[in-house]
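The block underneath contains the structure these notes are about, expressed in structure tokens.
A, B, C and D label the chains in the order they appear, each numbered from 1.
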Amino acid sequence: MIDKTVATVAEAIADIHDGATVMIGGFGTAGMPSELIDALIAQGARELTIVNNNAGNGDVGLALLLEAKRVRKIICSFPRQTDSWHFDALYRKGEIELELVPQGNLAERIRAAGAGIGAFYTPTGYGTLLAEGKETREIDGRQYVLEHPIRADFALVKALAGDRWGNLVYRKTARNFGPIMASAARCTIAQVQRIVPLGALDPEAVVTPGIFVHRVVEVVVEAANAGTAPAPGTAT
Amino acid sequence: MIDKTVATVAEAIADIHDGATVMIGGFGTAGMPSELIDALIAQGARELTIVNNNAGNGDVGLALLLEAKRVRKIICSFPRQTDSWHFDALYRKGEIELELVPQGNLAERIRAAGAGIGAFYTPTGYGTLLAEGKETREIDGRQYVLEHPIRADFALVKALAGDRWGNLVYRKTARNFGPIMASAARCTIAQVQRIVPLGALDPEAVVTPGIFVHRVVEVVVEAANAGTAPAPGTAT
Amino acid sequence: MNRYTRDQMAARVAQDIRDGAYVNLGIGLPTLVANHLPKDREIILHTENGLLGMGPAPAPGAEDPDLINAGKQPVTALPGASFFHHADSFAMMRGGHLDCCVLGAFQVSVEGDLANWHTGAPDAIPAVGGAMDLALGAKSVYVMMEHLTKSGESKIVSQCTYPVTALRCVSRIYTDLAVLEVTPRGLRAVDIVDGLSLPELARLSGVAIGS
Amino acid sequence: MNRYTRDQMAARVAQDIRDGAYVNLGIGLPTLVANHLPKDREIILHTENGLLGMGPAPAPGAEDPDLINAGKQPVTALPGASFFHHADSFAMMRGGHLDCCVLGAFQVSVEGDLANWHTGAPDAIPAVGGAMDLALGAKSVYVMMEHLTKSGESKIVSQCTYPVTALRCVSRIYTDLAVLEVTPRGLRAVDIVDGLSLPELARLSGVAIGS
């Protein structure tokens, strides 16, 4: 029988090794799997490469992982925010490597990894600093940059509900990077607000089919605590 | 106000011009927009390039469009089936051009057109007849073929329900090529079993957001007639 | 010198967005455009973090941390909205499906090059987000910005000195002094604030502007 | 000469599919494997036209034309199933997410090249479907076929003479005479039908086979 559910977040992330590449879902705090990240901080893995849209907000989740100096390199599109002080400090001290990727290329490179695409030509970034040194090509009169997949050892994602096969549904704009990251990692770990019986999710509305998910852990969230309040006005 | 609904299939396809490239959804008869195709036959456009997984089944839909000699070229993955007699006859007489594409490359090339990707490296087809003359590249020790987007002037798709913004949901495996074709055409025309009020579709479960759809037409289907019986045993 | 207010600029942009358009409003000044969309037009807002059919800010107390815009501010979803993941969202942009996006800028060149992501300062922490995808993805790219920097230099330039976001992508520029169209033959003034002449506008801008 | 029956071959393949595996069964002979999956294992079937969690054929009269497999035969969906579009379905295959696929073949080479889509006959109408994606996408590719053609020629060959589907993709070959593993040092016999010796199998096959 297939049962991808695990009992605790600690168990779910136990085998993340030093030096692993870890994708972490979320756009700011929406969709950020904070409890999995907290467990990863407690677990102690070091020298991580993190893939996320941002570089941590305030004093929660990814920001704390950075503060704990567990991250060697971050691949993201928008590190600098009004509340990204932990990243900012590390970056200014030269204690973290940054690979800055335009958000659409970040998403497409992650999707390419999951979809078995070797590389692709994207118009985004052509002629800019972020395409320096990259191969370019004119196709049908338009200029493109060659970009390669971003693969990961682990993906940590947050979803609304999941079942024992690993099928996932998300909630509103907390979906963001979850589905594509789930497809791009050797081992995808999902924290969900509730584990539901097999068959409870509408097969027409499953967003991440279970084939992309390896572990599902239920994280009980207090109603008042269902997400961390966003920091209004911080940019994309 | 946005109202993409149109009253009749004839009106929906009225401007398809001679020489147009038309994507037609469906895998065999599942998801085939038969009523739109019938209207296109009646409308009379000629010299069409058709993109579909197959090359028509039996004496319905796409097969009849072929029989009526309206199709100059077909781009598909699996033309030869037990009931593809209209295509077979035209092909053997040299009266239709065939571009044969492995099914995954067909899907990905359509998706690339919708997603603004200039070209992509795919492992599928490498070293085979279907990659002859195509550019290849080794990436991380694996061999890939360069494939380009397939764009269309029009896409004809069949969905279960749609609203006046063009949002669509599909039914079971009739979904197949509908969502990607909708994204790859300048004008996407959807036939639906029912038009529902705006807001009736669950925003978490919309499969094709309305941005990809230009016209929606309701086709009333008798229950006994909700689809054409498949021809068992015909291949993929 | 007369100047258009920020709300006047936003209203002027809004007037150029047609009924039924799919539109992405960038962070900052462009956000104001949402308040000025004509009531008799139905315009569908896209936010790149995965929502079409974005509605206004929620009532105080009704914020949902899972329902935010690209600026990470709480928003709402209208009837007819749809949610999707990031690859699909940027496919909408890169694939040319948006009719229009409205962006802020540091500089715009006479050829429509846009610089809006990086000041180029050596100690700045770079961050790009979706700016590059937006700049080249939409059918029309409208820039909203002050015409001059605080020190009086023109933000409309012969060639961008800041790092560019995308080349030849801007269609129109809405400033506190004028509305300019980027054409193959250079900039053309569509509107100028009352009391400012075309020659004076060109002089302030430091570039040629046609009428 | 003894031969495994088609059901014995299918049962033998089924035995090699582990609990929890994601599996795609090709058209024709491989379809039989579904009838032999061990009852104590939960195995999830993928069909490339957009379904994970495919169930058995429906009862007569309960066919749904919108719920079919890649062979366009009516099927059912199990609790836990999910539907998706073609690009996502082939991403699952090309991206290496399937544990196993089972395919028919015209020929397999000693290096694991597969020929199963085209006889190469000049008057044949070519059709490829998902064969090429399946052959290179799954972690393990199992081929099921008769060992010999009707005229007695080996379908296991030094080099394919039919047009190939994909290169070096086959892991195991299940025939009516043997089960063979493709290794970097050539073919290795895992099972041979009762009464047939390894040298005789190699002679019939026309290629070297190790033990």
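Heads up, the rule we're going with is that contacts are C-beta pairs under 8 Å (C-beta built on N, C-alpha and C of every residue); 3 or more make two chains touch, one makes a residue touch a chain.
No experiment lies behind these values; they were computed from the predicted model shown.
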* Structure fact -> When A-D and A-C are ranked by contacting C-beta pairs, first place goes to A-C
* Structure fact -> Averaging C-alpha coordinates per chain, one finds the centres of chain C and chain D separated by a number of Å equal to 54
* Distance from the CA centroid of chain A to that of chain D, rounded to the nearest Å? -> 35
* Could you please state the distance in Å, as a whole number, between where the Cα atoms of chain B are centred and where those of chain D are centred? => 28
* To do: For chain D, jot down the residues that touch at least 2 other chains.
  => 77, 83-84, 87, 90-91, 93-94, 137
* Asked: Among the residues of chain A, which ones contact at least 2 other chains?
  -> 108, 111, 115-117, 122-123, 170-172, 204, 207
* Chain-level touch network, classified as line, ring, star, complete or other -> other
* Structure fact -> All chain pairs satisfying the touch rule are A-B, A-C, A-D, B-C, B-D
* Of chain C, residues touching chain B in the complex -> 19-20, 22, 42, 44, 46, 52-53, 77, 79-84, 87, 90-98, 137
* Structure fact -> In the complex, the residues of chain C that touch chain A are 27-28, 47-51, 63-68, 70-74, 77, 83-87, 89-91, 93-94, 118, 123-133, 136-137, 163-167
* Touching residues (chain side chain A, partner chain D) in the complex -> 1-2, 111, 113-117, 163-165, 167, 183, 198-199, 201, 203-204, 206, 209-212
* Parts of chain B lying in touch with chain A, wherever the complex brings them together -> 108, 112, 115-123, 137, 139-140, 142, 144, 148, 169-172, 202, 204-205, 207
* Structure fact -> The residues of chain B that touch chain D in their complex are 27-31, 53, 77-81, 87-88, 91-92, 98, 100-108, 110-111, 122-130, 143, 170-180, 207, 226-236
